Structures are given as structure tokens and as C-alpha cells.
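What follows is a single structure, written as C-alpha cells, with notes after it.
Chain nomenclature is as follows: A, B, C and D, assigned in order of appearance, with residue numbering initiated at 1 for each chain independently.
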Amino acid sequence: MLEKYKAVRARTEALCEPLKIEDYIPQPVDFASPPKWHLAHTTWFFEEMILAKYDAQYQRFHPDFAYLFNSYYNTIGERTLRADRGNISRPTVMEVYAYRVHVDHAMGTLLEVEKDNLALLELVELGLNHEQQHQELLITDLKYTLGHNPLFPVYKPDFDLTRQSDQKTDFISINEGIYEIGHNDNAFAFDNEKNRHKTYIQNFSIKNALVTNGEFMEFMADGGYNTFNLWLDEGWSWVKSADVKSPLYWHFIDGKWFIYTLSGLREVNPNELLCHISYYEAMAFATWKSMRLPTEFEWEVASNQIEWGSRWEWTNSAYLAYPGFKVASGAVGEYNGKFMINQMVLRGASSATAKHHSRSTYRNFFHPQMQWQFSGIRLVK
Amino acid sequence: MLEKYKAVRARTEALCEPLKIEDYIPQPVDFASPPKWHLAHTTWFFEEMILAKYDAQYQRFHPDFAYLFNSYYNTIGERTLRADRGNISRPTVMEVYAYRVHVDHAMGTLLEVEKDNLALLELVELGLNHEQQHQELLITDLKYTLGHNPLFPVYKPDFDLTRQSDQKTDFISINEGIYEIGHNDNAFAFDNEKNRHKTYIQNFSIKNALVTNGEFMEFMADGGYNTFNLWLDEGWSWVKSADVKSPLYWHFIDGKWFIYTLSGLREVNPNELLCHISYYEAMAFATWKSMRLPTEFEWEVASNQIEWGSRWEWTNSAYLAYPGFKVASGAVGEYNGKFMINQMVLRGASSATAKHHSRSTYRNFFHPQMQWQFSGIRLVK
Amino acid sequence: MLEKYKAVRARTEALCEPLKIEDYIPQPVDFASPPKWHLAHTTWFFEEMILAKYDAQYQRFHPDFAYLFNSYYNTIGERTLRADRGNISRPTVMEVYAYRVHVDHAMGTLLEVEKDNLALLELVELGLNHEQQHQELLITDLKYTLGHNPLFPVYKPDFDLTRQSDQKTDFISINEGIYEIGHNDNAFAFDNEKNRHKTYIQNFSIKNALVTNGEFMEFMADGGYNTFNLWLDEGWSWVKSADVKSPLYWHFIDGKWFIYTLSGLREVNPNELLCHISYYEAMAFATWKSMRLPTEFEWEVASNQIEWGSRWEWTNSAYLAYPGFKVASGAVGEYNGKFMINQMVLRGASSATAKHHSRSTYRNFFHPQMQWQFSGIRLVK
Amino acid sequence: MLEKYKAVRARTEALCEPLKIEDYIPQPVDFASPPKWHLAHTTWFFEEMILAKYDAQYQRFHPDFAYLFNSYYNTIGERTLRADRGNISRPTVMEVYAYRVHVDHAMGTLLEVEKDNLALLELVELGLNHEQQHQELLITDLKYTLGHNPLFPVYKPDFDLTRQSDQKTDFISINEGIYEIGHNDNAFAFDNEKNRHKTYIQNFSIKNALVTNGEFMEFMADGGYNTFNLWLDEGWSWVKSADVKSPLYWHFIDGKWFIYTLSGLREVNPNELLCHISYYEAMAFATWKSMRLPTEFEWEVASNQIEWGSRWEWTNSAYLAYPGFKVASGAVGEYNGKFMINQMVLRGASSATAKHHSRSTYRNFFHPQMQWQFSGIRLVK
């Protein structure tokens, strides 16, 4: 576990390696946190959830960090307003790295002493999965900051999360019947994907390939963003009020569509997998194609027959509890259950996801207007 | 069908009988429309959806009403902003009644001439069910207006939609297995409840009785509104930002809880069925009870074994399409499908629902913060 | 005084004579109150400020009206939120008229008994001037409601507040020197215009004629609404965010400008006096003309040499206290002084002003974005 | 002039010397810009207003900076939204310093070549006064960022802008009569203070000493923030909606008032000059004292008899044009005139003002709710 701990923690820092100090600070929108905050908050998790409880000798690095770097855990006490994370110039980035060293040192010792403490190891596993989630968010949020800078700064010239589509474009048929859904082996999984249970699935055919930029440009060329009856009512309001005309990070310059990537601005490649679209756009596109999105259950049933892992895929399932779902007691119980309203499930993983972090039962979830995630579309008919 | 037409139309007007002219006008919040608007909009449906298409001789009552009384049908053209319905003093109430007479007259003639035109009769059936929905909304919206007037005006002294609970309080057990869900006989049903299909249900026990005021007062007395971990995250934000301390229409006066009803203000009766609560409150209450809400599928499976019809009942199901759901073409297609996001399903009917309007497959839906409907709670364990 | 009381009160009711019951109710924006409210609030003034204090026998008409019809007097206690005045269907219009009768009866008796009570008579005078102010507001607010109704209802076919310009277009020169400003005779005046005092005025020339629609159409044709450097910075933001393209009530239909008036919609007459413009528009127009607006002191000095009384005229003076201004104690002290921030002074009177209500020292004041008043432009060079 | 140029430019950088890179980035509210932006924008002024026009050989440092660092000059073209200044991590702080070096080098050459070009020298003088204004804003804005950080970081341990009051507390009487107001010698002045002109002043007495923390604490102890009739109406709304209970940067901790300063958090010293109050608070305090604020004309007349220079002093004058004020053509014309609405004049200077930057005719101006400036109160009776 200590090896895994070190590897995950090191990857977070590796992701920050190309950053300038200035890049660690801004928070251009409420939902996108600064890199400094991600570095500190993932560390806070180990300090507050583990060291403060399992290590009687442990000295907190700084008395105010429990408050400063709490995200949403009401159980732990007060927290900085989410929208204020970008206003906090101190502690400096250097001090946050020192905080990481301090906690890593204590965790190293603790993990050697308590290497058979299963409850502790389970929490560490949770903490590492939590940190992997924040690795993905760190990339996603950073892209938002750099992608909204008029200079379109390059994060890393060779850091490319786009993907050429080389997927077969056939539809795979699944027969109706009873299927089991949810996680049930011994490996780590979040509480929201547990409680494996039966569900009844109707016949359906699911496409192996994800939608490409080229296919979406056809939708745009056909007036997709101007045709109200392709859209959910709240989707149409969103298009109008936010003046949406393309996926996020697309720019129409001198008669051509360009796309901002973490390796810079470049012309849209029609053969690449579509990315950064909202649920509203996914639904409108599927309606335009006279198809639909899969439910999360259909997706999971089909998951061993389709190619996935490059884009989080919007499903037509709301994020709700599985049968028998129980909220854990204490702060850990605030992890997943309390967000089960007004969000749609995404399945799969993306090219920004940490390796081995996702699995076919993994349930990601976002509000339907969110475009900033590496999200794509898979169709069902 | 003409008899039915007359009966439904007459009931709308009967509901308005106790109103003063002044009561027809105000719109205190965006989601609550004025009685005048309900009277006109239900008439507009027959004029635009039926007379304008099936009656070549038909003369519209007023050239601007197609615009003025369109609700949300983009297909029909422009419409008054929803929030401006209460700002329109003209046409007068009298003119709106004249509009109804004009349309009813034309509909009477048309229904005699075209009495075998099945497509037409289907649209009339839809129009009447639409009007019945607006009858319920008229009562619900009117209660909002009168209930927010500091004088607490009485709508009708003997109009009482509260219900003493005389329901058995046992739990009914349902065995796991495959069940069929959705409407499939020849009677009228909305598109969103059609496509009867199999679903797999786990074992569950559902309470015959709905939650009472008295039970909810225990939740309040136990600090329910102040205990964050009973609430969904967005529910807790709602409680804080809207400063919610009770169900809608409850007032704490001189140390006692009072409740506004359409027959006036009176002390809360603990034995009455709880009413006017949001999904957030329903979820928090269920969590406090260590139980949960039924899914809409569980509810439908149990519906012939439980007593229902006094309160719309929040379920733990998001409002989404059934397998095989297809949006109809034209304006009628805007009826249901485009609202399938960010809303939760309610099942049953309420004491404000028109007789025979609901059925066990009926799917009502509202945003989770809405309290103004005659909504209640049924528990599952 | 009783005669004057009766005459003023009767005029308010005469203004309402053409209204339908429905017209008494809506409040389309926060700043425009419904006619019912004006009728009741002016009555409330006499009940709370006079009868409740000077008539020991007086019985209030209704115990909740002190709360319902208080406008902004914190001294009197709580009040209905200003934005909720249009949501109150009860009391009915009939009941409000009965309220007027009740108070008028008591006032009639009191004025006979106390006909030598100077403090009382002074308050009555204030109450009548207050009612005259609300007569103007009643017309102004009603025009806003009817003018935003897509049917453009006619208030009264022969009620025409537009004015053909027959004014001489010469400039009148005033010499620099010390002048006295403010009210100082024995007739009634508001506290904000008292304390006559010396001020030093520089040479200036003021135009006898007000700006016409035709002159303003030249400004529009010259791109006035699209030329940022004609505008104050906040004015330019207002033009952009509110998408202002003309004075209020102007509509561009089939290539021509129309104007809504209380006698209906009609084509803009270039020879009529410009009306319904904001301070921002007045300033931009003056800048475009390479002239400026007068200060309120210049206006007052010139007032006996210019023709005025058809439009309230924006001045380039902020609404602030005169030297020696003192706020009266009690509720009456809330009348004027507390609004002395962020408002600009208008001088003159308009065709909607009650006869003999205004005078050359009268100070009207509004926020700079307000267009709904019968406001116009006079230029100085 | 070159010496002066170097001195002013060097002072800006000296003010930034204690900053960490992180401190250059955040913008916690719209009106407070990041240090990086102040450094770049003051440089932009010289690049766009001077070098681009007077130096044919000049090569811009970066093609996008004209857009990135424009503040509000519509004449120059588009600009970054004011609220987005804190979201721009690039260019880095280092690059901005390189920008300064680049421009300073070109300015050095230009000033030697064109040392007799009076129009140019006038613009340089304006640019340097502009930079001095931004020096003050840099300090003011930085204090806002650090002062809202829960860690209360120290800017510089010995940087103390508080001031013990050692001023005589007598009132100085000024006789009524004609006085001249405005700037009229050859030294630099802004356009808004020019056009020296006569004004008539009434008798008044002005206090030599500014209000202290101790005096304001008496106001607070007397319930000043809870007494509506001490406040302007919009001031009272501000107190309620922003929940104001003290001047900015005051914190009530364990029963005592503390104050954040740039040298850290410390207990309030009653003998220090009050600071960081809004116009609303200044007016309420004066009303509570039964006194008033001076007009800007009274202040200027008395300026050679009172001690001033530690606090910008709110006056009871709105920021409006002097007689004969003309807006200059081109971008320079956007400097002052377009802000002449909804702002109040402050006179004097503060302990954060650059030496020799202010003068007795200087007119500063802010919206009445602003507390973040080093503002204080002087009373008149």
C-alpha cells in the first residue's frame, strides 16, 4: 500500500510539473478549483480523515488548513466558500508542497506501523482513489483556466488528450433479459456502485464507436443549435441564455473551427473523438440522429463488448441510489450519497483519468449543462 | 364526447365561481399562473390545436390570443414570457369568458359534424385531460396567491382539501421479480406513461398510510431542518438560502403552528395528511426515519394494494423516458418529453385532482424544491 | 381646506374612472405601483399620519391596512415588500373605495372641528400634496402597465399628454452673479426646496424650447445609441445591458416609429415634445449637440423667462440637501431627505402633474436610468 | 522629466517588493485588480498612448497586450472583462516585469529625443499621475486580497498606514461670500479640477481633526448600525443586505474589536484615525453627531486652514462637471468625464497616496457603498 500511496501522490505532483507558480492560483468559475487547492485538499483528506484519527502523535502542519482545504464535508466543520478558492494567495505554492511532504512523511510511518489495520487501509485506499479523482479534476480545471486565457497558453507541447477515432462503427445487439448491475468483487469500489442487483433490460443495439468531431460538425451545419425541437426545454434555455454555438473550447476563426487543447490551439480534426459537450448537447445530437443515449444499465451490460476509456460517456440515467444503498456514518458518508439529485450519470473513463482508476461499474455524475469534463457521446438504437 | 367536453369545461368555470375579479390577475411567482390565464390557455389549446386545423370556417376570437395564451409550445410561434402573465390586465376576465363561449360554440358544432373523426377525438381527449391538469394547477396557483396575502383570504368556507388520516398503518410486502410497468389498455393515457415494459423489482415493504402532520412535527421538533446530514446537498442549500423552517403555508403564531387552507387559516391538525412539501423535505424525512421513498416502479407495482389519491407522492425516480418512448411530431410532441431533466416523478393523485383524471400509471413531475403542489410522503423500507 | 381636500381626493378617483377592475391590480416592475395601491396608500397617509394622532375617537377601517399600505416609512412599522404590491388581490377595489369613504368621512369631521389647528392643517396640506404626487405616479405607472401589454389598450381615447411644440426656439442669456435659490414665501413647499440661499451662477444661455421627437430622431439616425463616447460610462452599460434603442414606448413597426400613448398607439409626430427619456439619454443627446443640461440652479434662475410645465426636465444636478436642510422628526422626516443619493434633480412639471402642484422651486428626483416619467430635455450652451 | 519618470516607475516596483508571486494574481472582487494587472496596465498606458503614437520605430512587446491590459478605454478597442483580471495566469509576473523594462527603455530614448515636445511631455505627466493613482489602488486592492484571507498575511511588518490622531479638535469658522474653486496654476492637474470659477459659500465651521476609531466605536455602541433613521434609504438597504456591522477590516474576536492592517491583525486603537468607511457610514455618523459632511467647495475653501492628507475625506458633493468642463478628444477624454454619475467626491489624500500626487483642488470619487479606500470623516456644523 505504501508503494501505491507514493505512486499516486507522485503522479499528482508530476501533473503540476509544467506549471508556473501563477497557474496554481486562478479559479475562473466556481466549479473549477485551482491546482494549489487540489494539491492541498487531497493532502487534507489524509490529514483529517486518517492522521488526525489514527496517529496520536501526529502534529497538524498548520492549524488553519483543516478549515482552508475542506471541500464540502459538513461533518469536519467550517470551510472556505467554494467560490473563494482562487482568492487565497497564501499559503504559497511552496508551503503547500511542504504540507504534502509533512503529511507524506507521517503517512509513511503510519502505513508501516499499521500495515495490518484493515479499517485504516480501506481509508487509505479511499484517499488514493479520491486523489486520483482530483488528478482528473486538476487537468480538467486547469484546461478551463488556460483555455479561457486569450493567449491560449500551452500546458505541455506533447500532452495530447484528443484521440483519433479508430473504433469500429458497428452496432452490438444485446438481448433482453435479467442482468446483474453493480460492483461485487473484493477490489475497491465507491459506495454508490455497490449492492449488485438484478435489473431487466430490453433489447437494444449499442454502437461500438463514439461520436467524432466530424459527425458533430454535421449536426452544427444542419442548424442543430438553432432547432428548438431537438432540445430538452431546459437545454434550449441553456443554449439561448449562454449563447452556446459549439462544444467548449471550439473557436470559429477566419471561417474555420479551431479547438483549444492542452498542447495548444489547432484546427478541429473531424476524425477525432468529440469532447467537452454537455448532456443537453448529447441529447440533442442523439435526437437529431433519431437515436438515443444508453441508460447506465445498458452501458454496463454492454461494457465488455464495446471500446471505452477515452471519454466519459453521458447516459440517460439520473444519478440515484442503487437498491439497498446506505450512507456511511461520519464524514466519509458525505462522499457520494448527498449529490443524488439533478445530476446525470456518465460511464466509462477519459484520457484524463488515472490508469486503473475506473472500471465498468464506476458511476461518474455531473449536472446536465456541464461541458468542462472530457465527455463524449455513444449512441443506442 | 360532447357531453364530456361540456362537463370538463363547466368544472373549470365552477372552480372560479367564488373568485373576485381581482383574484384572476396576480402571478406572485413565475411558476404560478393567474386564473385568467388558465381559463384562456385551456381554451387556446382547443382553438389552436383543433379548431384552426379541423374547422375551415373557424374565425379566431382575437388575432393576438394565439400569442398571448401560448404556454410553451415553440411550434406554435412566439408567446408571452411566462413571468409576465400577471402583468396583463387586458383582455378583461369578461372577455376571456366570452372567448370560452366562442370556442365552446365552435367545438360543439365541430364535435357533431366530425363525431367519427378518430384523430380529432383523440386530440379532444388530450385537450380535456390538459384542461383537467390546469384545473388542478388553477387551485394550486390560486392557493399560492391567497396564501401569500397577509389577510389570508378564504376561497370558499367549505372547500377543504385537507384529509384526516384514517389509513391503516401497516407495511405491505412485495416480492422481488419481474413486473410490467406502464399503460397498455385502450383508455386515454399520456405518451410518457405508455410503452408497457418489464422491470425487475427487489423485495420491498411499502406503508399503506401516508405521513401525517403529527409525524412531520416530530421531525421538526427533533431539529430536522437544522441537521445537515439528513439532507441532500442541494436540499441543504435550499433550506439555508430560502430559510425553510416548515412545509409551505405553515405559520408559527404565538407558540403554535397554523396552516393556511383554501377555507382559511387554522391550527395544524396532527392527524391530517402532510401536504405541500418538497422532494428535499420528503427525502430528509425518510432519512430521519431510516426509511426511504419508493421508486415510481415500486409504487406502480404496489398501487392496487395501497390507499392513494389524496396527495401526490414523491418517488425516488427521476422523470425520464420509458423504453421505446418517441416524441410525437408537431406541437403535441412538446407536451411531455422535453421536460425530462432535473425533475422527480410523483405518483398518485391529490384531493385537488379532477375525478377520474389520474390512474396508477400516471406520471406527474416537478423540480425537487417545489412545495406548492398538494404533495405528500409515503415510506418504504 | 375641506374644499381643497375634497377636490384633490375627487381627482384621484376621477383619474381611475376609465379603469376596468383588472387594471387596478398588476405591478409589472418594482417601481410602478398598481392603481389600487395608490388609492389605498394616499388614504393610509391620512389615517396613520393624521386621524390616528388627532382624532381620539377614530376607528381604523381595517387592522392590517397600516401594514399593507405603508410605502417606505420605517417609523410606522413593517410594510409589504414593494415588489409584492401587485400580488395582493384582496382587499378588493370596492373595499379600497370603501376605505377612502371611511377616511374621508372622518377627515371631514376632523377638519370642521379642528379648523384652526395649524399643525394639523399643515399635515393635511402635506397629505394633499402627497396625493397629488401619487396622482401623477398613478398615471405614469398605469401607462407602464398598459404600454407593456401586447394589446396596447387605450386608457381614454381623448386623454392625450403629448404636446405639439409651439415654443420659440431662441436662447435666453443669463448674466453671471449671485442669485437666490429655494422657496421662501408662505405657501406650501416641501422641506427639500426650503432654506432660500445665495448661489453664484456663471454666464449661460438656455433654450426656451424643449427638445422634440424630430430632433431626437436625428440623434438616433446619426447612430446616437451606438456611439459610446456620447455616453456616461454607466449610461453606456445601461444601453448595452437593457438593449435600449429608443425612448420608452417607441416601437419600430414596418419601417416606421410608433409611440404608445394613453389614447393608443400612433405614429411618432416629429413636432411633439420628446418624452420618456432617461438622464443617460438626455446627457448623450446634449453631448451630441455639443451643448449641456442646465444645473437645477440655472434652471430656477431662468424659470421666469422660459416656457415650462409640459415635461419634467432633467438637470445636471444631483439631488442633495440645500444649506441648512434639517430632517423633521418622526415619520414626516422620512419624506425627502433619505433619498438624497444616486438621484438627479428634475425641474418643472409635466402634462401629468396636477394643476398648481408644482412651482419654480420644486425639486423632483429620479435615478438616472428611469424613463417611465414624463421627462424631457432642455439644452444650455 | 526622465528622472521623474524613473522615480515614479521605480516606486511602483518597490511597492511590490514584499509580494510573493502568488499575491500578484487574485482578484477577489470586481473592483479590486491584481498587482500584476496594475503593473501591466500602467505600462500599457505608455505603450498605447505615447509610444504607439510618437515613436515610429517602436515595436510592441506583445501583440495581445493592447487588448489584455486596456482598462476602460473604448477608443483603444476591446478589453478583457474587468471581472476576469484575476483569471489570467499568463503572462507570468516575470514577463510583465520584462514588459516594463521594454517600455521603460523605449520611453527613456523617446524622452531624450523629444525633450522639447510639449504635447508629449504633457502626456507623460498624465501617464505618471495615472501610475501614481494605480500605486494607491495597488495598495488598496492588495489589502483587500490579503485582508480577506483567513490567515491575515502580513504585507510588510513595518508598513503601517494607520495614523494616531494628534490633530487639534477645534472648529474653524469660514465666512460666507464668493470664493474661487478649481485649479488654475501651471502645474499638472486633471481635467475635472480645472476651470477655476466663483462659487458662493454660506457660513460654516469645519473641524480640524478627523474622526477617530474611538468616536466611531461610540456610534457603534449606541446602536448606530441598527438605527434606520440615521441612514440614507439606500444606505440602510446596504447595511441590511451586506450585513454591515463595522468599518471594513474590523473583526470582533473574543469580545474585542481587531483591525487588519498591512502589517497584520491587531487590536483597534481608539486614538487612531478612522479608516475604510463608506459614504453611507460617513453620513450616518454625521447625522448621529447632529452635524454634517462638508461640500467639496467648503472643503477646498478651508483646505489651507485644516490638517489633511491621511484619509481621503467623503464630501457631501456629487461628482459632476465644473462650469465649462470639456471632454478632451480621443482616448484621454475617457479619463474622467464619463464617470460623472452616481459617485461622491472625496477630497484630500491618504497615507497610501504617492507623495506630491494630491493637492487641495484634487477630486477623487467613488460610489457611496465603497469601503475599501483609505477613507475617513471630517465634520462640519
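Going forward, contacts are C-beta pairs under 8 Å (C-beta built on N, C-alpha and C of every residue); 3 or more make two chains touch, one makes a residue touch a chain.
The model shown is predicted, which means the values in this text are computed figures rather than measured ones.
Chain A and chain D touch with mostly matching residues; of the residue numbers seen at this interface, over half occur in both copies.
Computed centre separation for the pair chain A/chain B is 36 angstrom, with centres defined by C-alpha atoms.
Centroids of chain A and chain C (each the mean of its C-alpha atoms) stand 57 Å apart. Centre to centre, using the average C-alpha position, chain B and chain C are separated by 44 Å. Residue numbers of chain B whose C-beta contacts span two or more other chains: none are found. Across the whole structure, chains are in contact as follows: A-B, A-D, B-C, C-D.
Across the interface of their complex, chain C is touched by residues 72, 74-75, 176, 178, 197-200, 202, 228-229, 231-236, 279-280, 287, 292, 316-318, 320-321, 323-324, 327, 333-334, 338-342, 344, 368 of chain D.
Against chain C, the residues of chain B that register as touching in their complex are 20-28, 36, 64, 67-68, 80, 84, 86-93, 145-146, 148-151, 153.
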